[in-house]
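First chain A sits with chain B, and in the next complex the same chain sits with chain C.
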Partner chain A sequence: MASSTGDNKKYKVIGTRPIRHDGADKVTGRAIYGSDVRLNGAVHGKILRSPHAHAQIKSIDTSAAEKLPGVCAVATGADFPDLKDKIANLGEGAVNLAHLSANVLAHRKVLYKGHAVAAVAATNPHVAEEALKLIKVEYEPLESVTWVLDAMRAGAPLLHDNVVTNSMGKKADKPSNVPTHIHFEMGKVDEAFAKADIVIEREYKTASVHQGYIEPHVATALWNEDGHLTLWTSTQGSFTARQQTAELLQIPISRVTVVPCEIGGGFGGKIAVYLEHVAAMLSRKCGRPVKMTMNRDEVFEGTGPTPGSFVRVKLGATKTGQLVAGEAYLAYDAGAFPGGMIGPGCMCVFSCYEIPNARVDGYDVLANKPKTQAYRAPGATQAAFACESMMDELAEKLGIDPIELRLRNAAKEGTRRVDGPTYPRVGFIETLQAAKASEHWKSPLKGPHRGRGIASGYWFNIGLKSSAAGNVNPDGTVSLIEGSTDIGGTRTSVAMQLAETLGIAAEEVMPRVADTDGVGYTDVTGGSRVTFATGLAAYEVGLDIRRQMTERAALVFKCDPAAVECVDGMYKANGKSLTFRELAGKLGQTGGPVVGRAAVDPEGPSNGFGTHIVDVEVDPETAKVTILRYTVIQDAGRAIHPSYVEGQMQGGAVQGIGWALNEEYVFDDQGRMQNPNYLDYRMPTALDVPMIETIIVEVPNPAHPYGVRGVGETPIVAPPAAIAAAIYKATGVRARELPISPPRLWAAMAAKKP
Partner chain B sequence: MAKKIHVTSTINGEPIEFLCDARQSLLEVLRDTLDFTGAKEGCNNGNCGACTVLLDGLPVDSCLVLGVEVEGAKITTIEGIAREAHLHPIQQCFLEDAALQCGICTPGFIMSTKALLDSNPNPSEHEIRFQLSGNLCRCTGYDKIIRAVQDSAKALSAGVERGGTKATQPDGRRAAKKQPQAR
Partner chain C sequence: MKDFEYQTATTVDEAVSLLAARGERARVLTGGTDLIVQLREGLREADLVVDIKKIPELMELSYSPRSGLKLGAAVPCYRIYDDPEISRAYAALADSARIIGGWQIQSRASIGGNLCNSSPAADSIPSLIVYDVICHLAGPQGRRTVRVADFCTAPGRNVLGRGEILATLEFPPIKKNSGASYLRFIPRNEMDIAVVGAASWLQLDAAGERIEKARVALAAVAPTPLPLTAVSEWLVGKPATSETFAAAGDMASLAVKPISDKRGTVEYRKHLSGVLTKRTLVIAADRARGASAPAH
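And now, the complex of A and B:
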């Protein structure tokens, strides 16, 4: 069941559900994903990975591997430029290149099990794997640490001897596992707590989880004899892949072309490069194209999970449920290199509410795990699990309905967030009202061991840079060239905005994702930005085409361009009119082709809020949690293609369900992941979830011509807290640690029994 | 290196011969030797279903079958179910119901769906979820996939020839619908 509160009547294309442009390719198996790339003479690369969570590399001897028949090239960290602590902006944040380089191929030290140590290219992948076994690496194992609070303790094993704590610009003088301390504060926090009628304080923990995209990382590199490097890769951002690769190899970006392939899921985990420059180096060494594909265990052990976290929150409120003070302490592990998701965590912990006095302290913490990467609303889910669970407890203690408590404190236009910004028009209250009015919330939930929970979530939704161009064809169609790799149907949601602007059908725009030489700079597909920012670029391409078509119409009508009116794709003047298609047919006689172009860089976030309702049943014997019913309510601003908006809401919710109930990195006492496969790292299957109901709320974003806000990330934020609240209703147990897996919940239920 | 083994089988109705190493999986043979890249590798150990093909009509994870095992067998891959420029009704329903986002899991889901509907033309929601629980999708949350399977069952039982790869056009409404432009 899906419903929408919006009114799309004034639009012809927006709000409809055309078949996606790349659909036929994807249901016939013809679409070319990274691993489907075939180049003549290609050889296969494989990576040797560390068996230790923390060790000094004493020596690497590759001589035996090099002699194995079929081996074409071998590379280690020593083959790559030694990068100093240079900071590069890679679009969605700054990166220390020395760390990036050491993460993708270890220098001197391995910092997690699965850390890449050496690479081999051979005529087939089996030979490459055999060659890996012939590489001799001498390690001196060191003590390791994986849990964030252990890593912060005095005397914890140090990961880097040159990392010191930077606390709001002040640098400490001795090395530490805490690279960054963030502090936000507004109002008079201590005074407000002293005056509050009720104060509660709780602690929450979450385990590391993985993005879990079904397609493993893959890249093919060809370092041509002329020195030009071409990469075919599965990436969320071809331009950031180009820049990272060029920086890691210290070659100009103009010598690198990145061809983005179809991508089998990313969720934030396919922004950082892992294989690209290694494949490039192997290709340079052996003079042939080199293709590298990860195995599933390499994906788990060698690419970015999301941080494990410890969060403590304190809330103060009046008897009537007005929040007066908030305090939060957040420690997120960054994995093996600085720069995890603590920043957005700190900004999001209180982002749903108007809390006049608040203080937030956040710590980025090094641990012997793969370097964490973004995962759908990175950092927000851990923070919301804490804050939203406390809102549920507060509602219970005050005897106020949990939606009502949220409504009394909901962030709205003018609310200032603790990290500074003030919201423009946002749609949080509308999602709460829609939740309250929903059939789900109003329906009774009967039966033993059952409970209903609710929680809300926030994500910024970013803007950033996008470029696009549109070529008008003589048959009245438009070829749209864009730079945003399409992970979930964005070719269509972007094309629809151009079609709407020109007054033509969605099918009359043919979108194509170009390589880095075929389109202007475009930032990553991430941050829920593509339909918003690349959609804005498509809209501006439409305006540019319309302006030029108006001039052509004026030539045909023999009048002043200002006299030409353009309505719904019709160009009219002096009682004469031409359709877009008719006019397109006359371009040859009126001055030649029409090409529209746009480059945009919209500022500020578009602010997405959502509210989730869930019914669960808990098996009293095994503590297995079954999701009986689930509803996602979210402000999309404007749903361009409602099916794909619903799809984002449903997919995000189910990832959140997995995070809440099952998914976790399990480490042994040596810091080694015990479950690097889909059987033991338990992602939801079709059997684990019900239909996911959706209610799209549309409070148009004032910063977008069609009101788009972006939708991809917000839906993962609320599920763990909503499910924990439902489990509490079903069992009386307040779960404060994720995942709420059967053993953990069973123990808590057993402890509660008299 | 050990000698390669000669294998004869039928793929999508055509007799095919190939040589393979004893250690090569059917998935590897399909993708790397025969260029049927529609079957995808997500895990290479039987946990994700992205590599699903039909082996003598039954769905298998082709990463768990050895190339040499398909001697004399009939294999159907995603490439073999659309016919004469028309999508199979299951493919059409996946598109109309927006049952894919990134699409990497889609060939596997479509093959599992075909196997399910060939043996059970009118499955309940639970039966669909059960039969498809060996196929992982990380993008959709499964909702639209389940609906696409339900709609496929309806389309197929509404008079479209079932039980093989010979499905022609679905009902008139679908056939009249404009096909999207392939990239």
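And now, the complex of A and C:
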């Protein structure tokens, strides 16, 4: 199904498709996920949540709950340290600890429906639920606001009386719902617009959507008598979970061990902690392990969706389709606490194109919704929906093919992004060329009510820190210890890079994700970084092992280490040679075990581009959109394990399809979510999408020894714009609000009819 | 979810007396695909759950062209569409049974449970209405019958009294030159609640050209499943053509008074009422003329 345009001949392991190391455990149900953790004597924690979108907490009375038989402990925000505005770096973004603390258990005020207010541990979950009903909370309800533009209006209900607008370093003096204003500018924007042959300006809106991971948040805590806290949890980063938990409890990180379980999806939503330190506090109070599992409605209402947004973009171009000026205004809701996804939104809005004169203003906006969290290329999809939809309109107005228009303006090596950085070698043009050459693009789309759309998308790959170690076993295998929780098959794609470096088979490397005491510091699984950065660590582990094995070979060959040559896993000198396995068998006699280690913090994040083609059919009477065919083309740098690259491309596209067509938080006029379940929060099912076709483009990343670029996030960026373009071709309606759900599209189609 | 007692009944009388003793705090369990979810989500509470699947009468499914179809209230959906004769004869019922949840749900969920749950959006009730089904009830005061169109009284409410259960659904024998169809609109292709559902039943003349009798009923446009009496009467005597069906659809749009909610707006639901009325009439007419129901 996929055609790889790269040349993998150089490599023996990279580019092949070995069976994943964790495959058997996962298909037999033996893999240990968070909910499989069952400790002796464990009790069950549950959380009481606010029924109001915005209210002052007057009082909390837990006495009746504490008396219910079976209840072991009760906790409220008052049990936790009152934290000052301290900033902690969580890897993929910084967080204010006072806000994090108030988000996971409200202090004084609830800021969204579903905001946690108190917690109970009891001998079984049903008793815990009954106990929650006995907790008396007196609220004074306040006016609430959920739509981003309403929250920005003067006179809107204020969420925090101590938040003021920080505009590029300048602080305002009045409290506001806009914590941050970002401004980027380059060139002479107004002049360029004045000279442009064509200028178009449009407005776009998107609804809040959730990552929708299948596995709800789950954590088990054991606060031991010796003061040591162990946490078993489903997290994207065991070290960030350790740090957040330690900070929230104000205990040293050395007192906390985080054991990462297998993770049933995260997509950015399992970086911030929700349950860990609450379970810990309950465990400390009752002296027993405490396990907490969220229900689906708690996941929707109590954890972070991605921002709802309002984006206005203006583009200026010449008659021949050269972009000369761009301007963007982006307002993203951050949810209840500052620090949403506006930064990357501003950086990504024009990131696919060379626009010499550009200006971007972005606003982080507080609203009575759950605190937003990262969701796969956080902030980029909303921005791309706007900019890419306009590229489609511009192409139509200028009579230029949409791929051609993009090619004329495509970002390439040397292009400066509006926020400052200049691109190194990137593969955007190659994805457009591959799209143009694809069988999909070249085959005509026939039939009424059908349309084809195309759009592109961009996302960074961050570097960040990773550690790894490799133990050489006497049978010639290597046990690889790494710290990156495996969400997308990274155990295998990291192990393959070690295997390639050592000249052994992928199956001869046995990867294991260790707990926070078992491996060096490793940042989160996020930012499309693991195959890139932890892969780099594995490569360096390989170099370290190779160096030591060369020394051992020299002992065996009785020569100088410099005389030993290592080719494809063979160690040679003086006409003698040993395979890696033979040499591994001799370690006992040549000085003992060989352990390779590496800790990396690569500079210079890389860049991932993709282009998507979609065919739709729209039922002219019901406005239901059917995706007929879908192709994702993406630059992977180098596809280590092509199946996993394809899996990421397909998964991202499907999430983007859901975002485009049906997914949304529906709020009533009191700010209460109406659809916190998978029945009415409509993610696509297997029957709603065709097999997603993939074309991997390989323009190696110069900053990685094997050319890896991150691939996990880029594929969610283009789908809404591509689908909107296809719907336009099918119906003549330009949809500028997500989701393009049947009632909304039908209304637009009906309004268009004469 | 609160702990509750669970009992199985093996006769109708046993079920009735167990239920009558506890009144509101007791609930019937058939497939449990509504009930368990409601108990778990705290939408309903119960001290006692009485499982009626072990009562032979309620698991009976029998059909003969002469006497029609007898559908025990606890018969799961799959048994309907797995029976080729029944699904050909009562094609709209099979249409409904095939789309209630996925196959896992259908191997448990019953039409009786769908009816007794009495959701305005229930996928089987419009079909039951257009077949003019008779509900056989059993309660502490004995047995009685109710026409299905009169069964639901409000969202989640129906005519069942304290301790009373639905025992069987009686479908009249199939008339010559008749056909029926059920369709619903959902934004996805499965696992969704109808934004609007429509069932149509038609009896044509021997030539298959003129409508002799018609019944149309809709779901999710009113507090209870809605028989469209005026549209049904208007259709009688009209030619069975696409123009007629389109006009009936227009009438249906005007006849309904739906609400706006997370699943759709008033305007959209009115519009869909027309589209689905028209589409089901077209299929019903085709089936009346001998086209058989499509396979899965």
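We take it that the second predicted complex is superposed on the first by the 754 of 754 C-alpha atoms of A that agree within 3 Å, B and C clash if a C-alpha of one lies under 4 Å from a C-alpha of the other, contacts with A are read in each partner's own complex, and residues count from 1 in each chain.
Basically, contacts are C-beta pairs under 8 Å (C-beta built on N, C-alpha and C of every residue); 3 or more make two chains touch, one makes a residue touch a chain.
These numbers were taken from a predicted model, which means no experiment stands behind them.
K.L.:
Thinking of the overlay built on chain A, is A:R108 touched by chain B (first), by chain C (second), by both, or by neither?
P.N.:
neither
K.L.:
Give one of first, second, both or neither to describe whether A:E215 is in contact with chain B, with chain C, with both, or with none.
P.N.:
first
K.L.:
Which holds for A:N662: it touches chain B only (first), chain C only (second), both, or neither?
P.N.:
second
K.L.:
Is A:G647 contacted by the first partner chain B, the second partner chain C, both or neither?
P.N.:
first
K.L.:
Touching A:R20 in the superposition: chain B (first), chain C (second), both, neither?
P.N.:
A:R20: touches chain B, not chain C.
K.L.:
Go through the superposed model and pick first if A:N675 touches only chain B, second if only chain C, both, or neither.
P.N.:
second
K.L.:
Check whether A:L687 is in contact with chain B, with chain C, with both or with neither, and answer first, second, both or neither.
P.N.:
Both: A:L687 reaches chain B and chain C.
K.L.:
Any idea whether chain B or chain C touches more of chain A?
P.N.:
Of chain B and chain C, B contacts more residues of chain A.
K.L.:
Now for A:H126: first (chain B), second (chain C), both, or neither, which partner does it touch?
P.N.:
Once the two structures are laid over each other on A, A:H126 reaches both partners.
K.L.:
For A:H228 in the superposed arrangement: first (chain B), second (chain C), both or neither?
P.N.:
In the superposition, A:H228 contacts neither chain B nor chain C.
K.L.:
Which residues would you name on chain A as touching chain B in one complex and chain C in the other?
P.N.:
The overlap between the chain B and chain C interfaces on chain A comprises residues 126, 678-679, 684-685, 687.
K.L.:
If you look only at chain B, which of its residues touch chain A in the complex?
P.N.:
Contacts found on chain B: 21, 23, 31, 35-45, 47-48, 50, 77-79, 82, 87, 91, 94-98, 100-107, 110, 125, 128-130, 132-146, 177-183.
K.L.:
Taking the touch rule as given, give the residues of chain A at its contact with chain C in the complex, in rising order.
P.N.:
The contact residues of chain A facing chain C are 126, 129-130, 297, 621-622, 624, 661-662, 666, 674-675, 678-680, 682, 684-685, 687-688, 741-743, 746-747, 750.
K.L.:
Touching residues of chain C toward chain A in the complex: what are they?
P.N.:
That would be residues 1-3, 41, 185, 187-193, 195, 261-265, 267-268, 271-272, 275 of chain C.
K.L.:
Going by the contact rule at the top, pick out the chain A residues touching chain B in the complex.
P.N.:
17-33, 35-36, 38, 126, 211-216, 262-267, 293, 295-296, 487-489, 491, 507, 510, 512, 641, 643-644, 646-648, 650-655, 677-679, 683-687, 689, 691-692
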